[in-house]
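Each of the next two complexes has chain A plus one more chain, namely chain B in the first and chain C in the second.
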Partner chain A sequence: MQIAAMWDLFVTGILRGGLYALMAVGLALLLGVMNISSFMHGELYMIGAYMGWFAFVTLGLNPILAILFAAVGSFIVGMVIERGFFYPLRRRSKEGWLLNAYLVTVGLSFVLQNAALAIFRPIYRGIRTYWTGSIRISPAMSISADRVMGFLVAVVTIVAFWLFMRGTKIGRAIRAVAQDERGAMLVGIELDRIHTLSFGLSSMLAGIAGASLLSINPAYPSMGLLPLAKSWLVVILAGLGNIRGAIIGGFIVGIAEAASYYFLGAGWQDVTSVTMLIIILLFKPSGLFGTEVKGILER
Partner chain B sequence: MEGKVLEVSNVNSGYGHLQVLWEVSLKVSEGEFLALLGPNGAGKTTLLRTVAGVLQPWAGEVRFMGEPIGNLPVHQITRMGLSFITEDLNLFEAMTVRENLLLGAYIRRDKRVKDSLDYVLHLFPVLAERRNQLAGTLSGGERKMLALGRGLMSEPRLLLVDEPSLGLAPKLVQSVFEALLELKRRGVTILLVEQNVSASLQIADRGCVLEQGRIVLEGKSVDLLGNEHVKEAYLGIGGAS
Partner chain C sequence: MQKTHSMSVIGLGSRFSAWLRYVGLSMPIMIMFVILAMVPLFTKNEYVFRLLLMSLFFGAQAMAFDFTTGFINVVNFGFAGFRGLGAYTSALLVINLGLSTWLGFATGAVAAGILGFLTGLLTLRLRGIYAACMAWFVQLALMGLATVNVNLTRGALGLTVPAALDTTSTAPYLYILLLMSMGIYIVLSIMINSNLGLAFRAIGQNLLAARTSGINPTRYKLINWTVACTFAGLLGGFYAHFIGILTPDIMHFKHTVEILALAYIGGRGTLWGGLVTAFLVIPVFEYLKPLMEIRLIIYGMLLVLAMIFYPRGFAGILQKIGEMIKR
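Showing the complex of A and B:
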């Protein structure tokens, strides 16, 4: 195998991995803090894509502002959904939260998809590029500026999120809730607020992913299915509710898929990643980074 | 009722259909150290949980700093200045000692959190040594110290401590009690629940004995230490000969 091909494979994998990591971190956050197995994460991605499209095409904002618009919009949508559906559910259900919350996400996923279909009709709303031109990274290879920027957005977002969770008081409070709810209440943390905030953040991460990849994946009502499946794959691979693992797992899956693209040919990447999933479930069901310690960043 | 930090009057409480506390009343004054004693299953922990808001009283009234708190959620009661150190400690195991302590000061908005951190680390030197270690890796005694330290970080008006000696080696029990004694010297108001009757009464100002969900005895520590019932049932001395 040539060096150039290796390099090509690595770069493609990393670019893919950035997106997977972004989606998976949001899922892991919901699992860790609220114990929700979300099946509407793809629809949050879809909402982000439509918002990015609206801001870029309709409002004519510059790309960074369009992605920021989608981020803020998705954050608000996430908080509204939490207040409107999960908050009342939590007040009423003492037992069976896991199943009930899961069913609500499935229901919301249908509703949001069909609402998008009714409002935006089955038309692809895409853009050609956010950024034109390409960046030459080696004599044999150049990547479109759009992909590079998409990756940078993912990396900046993940780093910012990580610093927020590690270094701020609210970030610490979110981790505290994930580790010990009783303890968190006893130090004076208001669980309801942390839950709403976490849902908003998770939604924001998915929205950023959707908006920043608009030139590759145009906005469409059912566009969320594949990202949903992929992010679940990453989360299971990494260990449920583990944020650090979700980031690393995103890149592992991205690189594995790029490798299968190279060695096995196009169309085999999903087979590769699902095979990895089956192997993990057979031999280490707690996930690659899953341990007994409770927590979302540290687990 | 001036100077009363906590007033519990005629409180009934329990879990589901099971009533545990029957008409329990007690008071804790500013700066006082009250020990709540009694056998296993008497309802000591239930009383603390009811005061801290983990459980709601079925009847009766709980007042903290003169305000009724019977129906407030836990985090609001904490914000009023009550700190509850539970039996299972509820530490954030995957965070460092320092992060746990900082979370103890979560409700504070002033700039002197750093001073409190220094104060707690000075009070419990083992925590200073292990400040960057994960809480889950601490030994039993260190965990109790961390829970006490975290409870102090909010500068509480009242500290509820549930069974700090439980599951500790005798030497560590002694150091936990020394820590409590030190807190008392510094003027912290404490309500301690313990099974270790003689040790508790040696450091507490007053004691209450809870049996089968009712307060059966109440008085100054010295008087309780000399009380026949206490001697016989808890200290294993004397009795009807």
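Showing the complex of A and C:
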């Protein structure tokens, strides 16, 4: 294997990894704060992509504004979904809340996907590029500006999210809820508001991922399945609910996928994923970076 | 005189239902199976047969699905994958090794059971979400493999599978599936009514309490999971030889969601809830076919609303009506 090919593989992996990290962080946030195993994350990604398309093509906004539009839009969508479905669910069911919440996400994913199919029809809505031109990183290789910008958007978003969680009062409140709900309630944190906010944030991260990659993955009703599977792989690999782990895990999975594509060809990525899962579950089921957030064993 | 006569009839009835319970059947289910078996006597309409067969096929799957979700509280998120594995194993062995279709069904079931056992072994000691995710990924990988290995499975072009019976009518298939579903129902409900079922319920309701009373949860979960996967494979094998053409789409994730929704709308932990609901939902859906996506939206919303507002599902409603009548 040549150095150039190796370098190519690495760069592709890192660029992909940015997306997976972005998706997985949102998933980990939901798992950590609300303990919801979300299977509608892919559909939130899809909603983000459609919003980005709408803002960029229909409204003719500039790319950064289009992505911001999608971010705000999917943030609102997420909060509405939480208020409309998970809030009443939380009030009504005590015992089987975990399983029921998970099934509600499955149902909603089904609904959203088919709603998109009914409204937008099975037509690919993509764009050629957000930013034209390419960036030369070595004599043998250049990357389109779009991919680099997509990656930068992911990095900036993750850093901003990280600072938000560390530095602001609300971010600290979210982390407090993730650590101990009862304790958080005792010091006067309003659980319901934190839950709604976390769901909105998680949805926003997925929406940004969807919008910023519009030129590579055109908006389509069933586009969410692949990112969903990958982000679940990342989350299990890193440890359920571990946000820092999800960021690193995203890049690991990105590189692993690029390598699988290079060595085995198309169609084998899912087999690679399963192999990775088997290895991690055999040797370190708590994930690479461990987690004690909500535990891995049934309680 | 009259009185003693009717008494003895009632006595006979209750003795019969006691016997039914002994072999794992209940009166309403028995009546349902008998009605189904008599349908071909009254109509020769192929369309009706097909509709009934599809309803029964989905109902039987929902039953096997509910055996896991409703009792040990773990979701088999790769159900369609196990079903598809059974279908492809059976079809490929019959085509390439010249096995009889009946042996094909059995090998399909065994293959799905073995894979189910291995997935369960790896994940069932952990939280339920791990088993669900693992099964889901196995399903994606199986679908990927079936799509990629074109020289074996012909990929998306579709594999032509020899029919199980030398007939163009659907009615004989309906009888096979009827026997199969009855067998599955009997096996599952015998397990549920035995000590095994007690252990399953204990694990599903309160894991800690189950563990304290000396139940090894992983072992029981593994038994349950493997049995459900085996039946998924069996039904898949039947489907392959009935429908005659297999594409990797049989393992698509959306089919798992369809079965999942059916089992949960039907009512968890009842076995028969999903079976009965299938006979309502599938024909209605067939009728609503022109609505396209709208009906799938309704289907998904039904699941969501059932989860939020009435987790006992359709079976819960029926049970409530039954109680009212008794009173």
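Everything below uses one rule, namely that the second predicted complex is superposed on the first by the 288 of 299 C-alpha atoms of A that agree within 3 Å, B and C clash if a C-alpha of one lies under 4 Å from a C-alpha of the other, contacts with A are read in each partner's own complex, and residues count from 1 in each chain.
Everything below uses one rule, namely that contacts are C-beta pairs under 8 Å (C-beta built on N, C-alpha and C of every residue); 3 or more make two chains touch, one makes a residue touch a chain.
Since this is a predicted model, take the numbers as computed values, not measurements.
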Q.
Just checking: does A:Gly60 make contact with chain B only, chain C only, both, or neither of them? Give me first, second, both or neither.
A. neither
Q: Check whether chain B or chain C contacts more residues of chain A in the superposed model.
A: C
Q: With the two complexes superposed on chain A, say which partner A:Gln179 touches: chain B (first), chain C (second), both, or neither.
A: first
Q: For A:Lys169, select first, second, both or neither according to whether it touches chain B, chain C, the two together, or no partner.
A: first
Q) When the two structures are overlaid on chain A, which partner does A:Arg92 contact: first (chain B), second (chain C), both, or neither? A) second
Q. Looking at the overlay, what does A:Glu190 touch: chain B (first), chain C (second), both, or neither?
A. first
Q. Both chain B and chain C touch chain A; at which residues?
A. 295, 297-299
Q) Which residues of chain A touch chain C in the complex? A) 37, 85, 88-89, 92-93, 96, 99-100, 102-104, 106-111, 114-115, 117-118, 225, 229, 232-233, 236, 240, 266-271, 273-274, 277-278, 281-282, 285, 295-299
Q.
Looking at the complex, which residues from chain A come into contact with chain B?
A. 169, 172-173, 175-176, 179-180, 182-191, 293-295, 297-299
Q: Could you please specify the touching residues of chain B with respect to chain A in the complex?
A: 52, 54, 73-75, 78-79, 83-84, 86, 89-95, 99, 102-104, 106-107, 134, 136, 150, 154
Q: Report the residues of chain C in contact with chain A in the complex, numbered from low to high.
A: 73, 75, 122-123, 125-130, 132-134, 136-138, 140-141, 143-145, 147-148, 207-208, 217, 253-254, 257, 260-261, 264, 292-294, 296-297, 299-301, 303-304, 307-309, 311
